[in-house]
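Let me begin by handing over the structure; questions about it come next.
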Amino acid sequence: MSAVVGIVMGSDSDLATMQAAATICQEFGIEYEMRVVSAHRTPALMAEYGQTAHERGLKVIIAGAGGAAHLPGMLAAYTPLPVIGVPVPIGHLQGVDALMSIVQMPGGVPVATVAIGQAKNAGLLAMQILATADAALQAKLIEYKQTMADESQAKNERLQASAKNIEQ
Amino acid sequence: MSAVVGIVMGSDSDLATMQAAATICQEFGIEYEMRVVSAHRTPALMAEYGQTAHERGLKVIIAGAGGAAHLPGMLAAYTPLPVIGVPVPIGHLQGVDALMSIVQMPGGVPVATVAIGQAKNAGLLAMQILATADAALQAKLIEYKQTMADESQAKNERLQASAKNIEQ
Amino acid sequence: MSAVVGIVMGSDSDLATMQAAATICQEFGIEYEMRVVSAHRTPALMAEYGQTAHERGLKVIIAGAGGAAHLPGMLAAYTPLPVIGVPVPIGHLQGVDALMSIVQMPGGVPVATVAIGQAKNAGLLAMQILATADAALQAKLIEYKQTMADESQAKNERLQASAKNIEQ
Amino acid sequence: MSAVVGIVMGSDSDLATMQAAATICQEFGIEYEMRVVSAHRTPALMAEYGQTAHERGLKVIIAGAGGAAHLPGMLAAYTPLPVIGVPVPIGHLQGVDALMSIVQMPGGVPVATVAIGQAKNAGLLAMQILATADAALQAKLIEYKQTMADESQAKNERLQASAKNIEQ
Amino acid sequence: MSAVVGIVMGSDSDLATMQAAATICQEFGIEYEMRVVSAHRTPALMAEYGQTAHERGLKVIIAGAGGAAHLPGMLAAYTPLPVIGVPVPIGHLQGVDALMSIVQMPGGVPVATVAIGQAKNAGLLAMQILATADAALQAKLIEYKQTMADESQAKNERLQASAKNIEQ
Amino acid sequence: MSAVVGIVMGSDSDLATMQAAATICQEFGIEYEMRVVSAHRTPALMAEYGQTAHERGLKVIIAGAGGAAHLPGMLAAYTPLPVIGVPVPIGHLQGVDALMSIVQMPGGVPVATVAIGQAKNAGLLAMQILATADAALQAKLIEYKQTMADESQAKNERLQASAKNIEQ
Amino acid sequence: MSAVVGIVMGSDSDLATMQAAATICQEFGIEYEMRVVSAHRTPALMAEYGQTAHERGLKVIIAGAGGAAHLPGMLAAYTPLPVIGVPVPIGHLQGVDALMSIVQMPGGVPVATVAIGQAKNAGLLAMQILATADAALQAKLIEYKQTMADESQAKNERLQASAKNIEQ
Amino acid sequence: MSAVVGIVMGSDSDLATMQAAATICQEFGIEYEMRVVSAHRTPALMAEYGQTAHERGLKVIIAGAGGAAHLPGMLAAYTPLPVIGVPVPIGHLQGVDALMSIVQMPGGVPVATVAIGQAKNAGLLAMQILATADAALQAKLIEYKQTMADESQAKNERLQASAKNIEQ
């Protein structure tokens, strides 16, 4: 089966951040592809990737970039698919420059922006998008939420147990 | 037919910003509903809205709020649906506080954030999400892009025409 | 005797920051409880915690969270009790996102915000709040201020002593 | 009966912002006093106000100031009472300077900071603090929350009614 | 004679800002062209403009855009020519988002960024660039500096004259 | 001879930053005193220090503090002497909070603010202030400038020497 | 008698801000001069002004500029006199750029920076500097402080009077 | 052959940042010179450097500085040549102060600003400027772009190869 999620990054140095999006796809059993495509260094490839993504069967694009981060917005310029943008925290401004460059898109060309460095949430958002037409995937997302809740409660119980020990 | 997009705002004063999302739904022929649901003033209603949204047939939620904007993130906590967040520029910080409160969600609970005040893009993003399983809608989005391109080129032609007049 | 101060955090990773609030309660002999309650991962538990806090005998809630920090404001939405918010400095923005998400609450639902990472001050503020109806506790706070002043003067004396040595 | 809430501001030009705190006190039937006391222009009066506040029967101090806003923190240095700080948005920085000057207090001397310009919330926070020892006041706060919820729902109904008219 | 400076903007609403660059070209007698070319709405035209600019005889490109301003950086991705970027102050962030999106370019693809809204300086920078191989143009620039100095001194004389009148 | 420069800091943890001001006084042969005086922990001592400084023979006060840094401004409220403020970079905001709290003083009560962490410049500014009535001190300042210039030129010569080596 | 305070601004458009410094000089009976001297447009005049200021009898320089505000720092590079910098709030960044450009001077070359737009405080700071060697001027400054205190107390009395009327 | 690019920095501590500009000149075979010239410590040398640069055969100046970075703008005040400014990230503000001080130049005196710490791009921009009159150099720049594209594609191939290994 071919990829339905495209995970694209401007440089392989972004992989440490972007891997988390791939991991989510794996956990939910969704086919994905990963690409280094640079808006600034390979703009023609970037354009081609954006223009053909929906024809190749992709449903969602996740794009991560840092600094003057143009990759998510430029892919959004070329594709009718939803594009999820991940601000990658490189350089001296902790990702604020990337956040501004990704989220402040003009009317007509949205990019669905997640938190600085939060490729995991980009992956989950892709799952939620696909789940709008896939009841089984939506069920997995509900289960995922339940697991998070259970883990949070387990942390709470451990905290209370250790707090009681302290107080005794 | 019942609504597939829920447009929710924290106060009716956000309507001036959020109306643009509804207008996009109308232009693309997608059923939507609009609600004032406040995370801070009607938290129980907000919880119920989030918990039942996918059961009532909604596919995407668009939520707008200003200041310490908790509505998008809290709906995302309750629903398995994709939630699109619109930072509404109220108060003294031009929407930067709302942007921070919406985009910086922790791992596990994404909010697809658009630009400050950009409810139009929230609407378009909802269309793109629905179009992942609706070829006709995707075709409309491709057409929409073409119209934007045509309008941009028309602006270019007018600019060049007027520039030539100036230069003569 | 049951807890009168509830110290709540979104994740056990916030404990390193929030412990200082518990330490203050211990120093002043005020019963407290600590909980991991996540606005985003266990929203129903969070709602229940907020709704029942005053019925269970709590007088003040201290809530710490990072990033898009919704826990303090959401607890404030549910409880009539004063809620003290501690912006926890996680992630790439040094707690500025948490500060914005906690302090910029809309009219009707205040959160008493302290400095980024300052759970100690959250504890002291809780003591001051309880002391408005507890003269003995107020006396301890006055004594606490005196101790701080004494320690500051002792630092001054040490500085002057060492400065004299340098100058000789 | 004497005042239990002291509302203090650095200049009478802050009155337009701070009046909302007084209005809350009036609505909840709590005695208050209002004072212009400047940390920078009348520091001795400010010190005296802070030192004697709890002796005069005050339970909570609300202090508003703009720019390098030292009034809330300096009152907190002198008084064992809880001090609520309101960043007043004057000058060229929209109150960000006042927010930094009020919220970032060092360990030992907390100021309960509310949103920029949100004196209404300062008043409500004072009510919540007093209500920790006043069941009747707490009941009024619960009622106040209910009224806010009702008003929010009424807004929702009006929005839905008008939306239906538009859609027909 | 054909244009050597290309002045490009993302939308005709940027013309009020960008006109100043054209005015400088006119003052210095340098041929220019003005275009509306949108990175987001007409990406293919933008790519073509960038790819062919140096072949058509252009020597410098001035590009202005606001918000998530990708136009200068994307033209720089396509062209070997120097690209001057003008952050246009639209929207809620006073051009800070545009500045971040334009100036923070990654290694390999520079954009020569000027102040927010300073298209006049973009024009002058283009003149300075062309003057590196045009002694007559450099002479005009030196003369331009002298005129600025003269005007500044004239302002000084008027100020001193009026100050003397006040003091008498 | 008694001290003419008072170097005051909110805590002995500020000494690492503030020592540089003392070193300048030593280099220029100006008597100084160092004190830990806290606006928040020993406000009465701070007030007394400010009120009596000019009577004790001090000519200039240098005050350093971090976070919600009130010490410089509060000393300025009490003293007719010029107060130089040094924002100390503690906590999570790199001294931006201290800078805002020190520089944004209201009309009537100036604080001469230097760069974040720049106690050396605070010392030099104190020397410049004293030199307005001390020709010998002014001569030393002119000499100091010359030494800086010489050191800068020496760096330049070393750079050029090493650059030539690289280029060969 | 010749001027002892030099008030310098980058452009006559800064006069509206800088006039307040002159007014303070007039109120305190100190001779001053006002000049338009631009670091960027008349750098040689600026250099000459800085180099000769102390020889012409000036004791303090007040310099105001906006944007990339280099005038105060460059004058400080040339003169041994204390230089007071006033960030003038022009352009799109409300004076934050000017503040950064003025206050963040490197070691060796201080600029005494006041609040954005606060030329009045620059004037007062100049008076305080001159008063370090002028007892009569210091007495006037003490009187000035007393007048501010009296005016503040008068505001307080008016507020209390009007508040009592409201409460009756 | 004499230098055509002048690389100037305020201190030799900036060399670690600025070396990258020299490396680009070497790669493209363009003669350059490197100087430590400080606007604040050697203002007269700086003025002379700026005034004589074009007479000595320089075509472009690259200037790097940190903090209140006046060197690029002051050189631009003196020279008719294009000046490229590099904000050097020193001190507590990550280069934001330097960026503001360099990019926000007033009308009439542009500085071509690159990203914080991006001296490599300053070098490339200088090459692009020289290439406007040097077809061979432009050809090298086109080749340089192709090399970047090839390297980016190689990274993409390695990523895809390793991703396939993971997925197997």
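We call the chains A, B, C, D, E, F, G and H, going by the order they appear; numbering starts again at 1 in every chain.
The definition used in the following text is that contacts are C-beta pairs under 8 Å (C-beta built on N, C-alpha and C of every residue); 3 or more make two chains touch, one makes a residue touch a chain.
Chain labels with UniProt names: A, B, C, D, E, F, G, H = N5-carboxyaminoimidazole ribonucleotide mutase.
If you're wondering where the values come from, they're calculated on a predicted model, not measured in any experiment.
Asks: Where centres are the averaged C-alpha coordinates, which chain has the largest centre distance to chain D?
Replies: Result for the farthest chain: H.
Asks: Where does the E-G interface recur among D-F, F-G or A-C, taking recurrence as more than half of the contact pairs being identical by residue number?
Replies: Having compared contact pairs by residue number, the answer is A-C.
Asks: Can you compute the centre-to-centre distance for chain E and chain F, using the mean CA position of each chain? Integer Å is fine.
Replies: 41
Asks: For chain B versus chain E, what separation do you get between their C-alpha means, in angstrom?
Replies: So the centroids are 34 Å from each other.
Asks: Determine the centre-to-centre distance between chain D and chain H, using the mean Cα coordinates as centres, and give it in whole Å.
Replies: 51
Asks: Averaging only over C-alpha atoms, locate the centres of chain A and chain B and give their separation in whole Å.
Replies: 18
Asks: Which residues of chain G are in contact with two or more other chains?
Replies: 11, 41, 67-68, 91, 93-94, 96, 103-106, 108-109, 111, 115-116, 145, 148
Asks: Going by the touch rule stated at the top, which chains touch which?
Replies: After working through each pair, the chains in contact turn out to be A-B, A-C, A-E, A-H, B-C, B-D, B-E, C-D, C-F, D-F, D-G, E-G, E-H, F-G, F-H, G-H.
Asks: Of all residues in chain D, which touch chain C in the complex?
Replies: These residues of chain D touch chain C: 54, 59-60, 80-82, 84, 99, 103-116, 118, 120-122, 124-125, 128-133, 138, 141-142, 144-145, 148.
Asks: Write out the stretch or stretches of chain A touching chain C in their complex.
Replies: 89, 94-96, 115-117, 145, 148-149, 151-153, 155-156, 158-160, 163
Asks: Quick check: in the complex, which residue numbers of chain H touch chain F?
Replies: So the residues of chain H touching chain F come out as 11-12, 15, 22, 33-38, 41-42, 45, 67-68, 91-94.
Asks: Can you list the chain B residues touching chain C in their complex?
Replies: Interface residues on chain B, with respect to chain C: 10-11, 39-41, 43-44, 47, 50, 66-68, 70, 73-74, 76-78, 91, 93, 96-97, 100-106, 108-109, 111.
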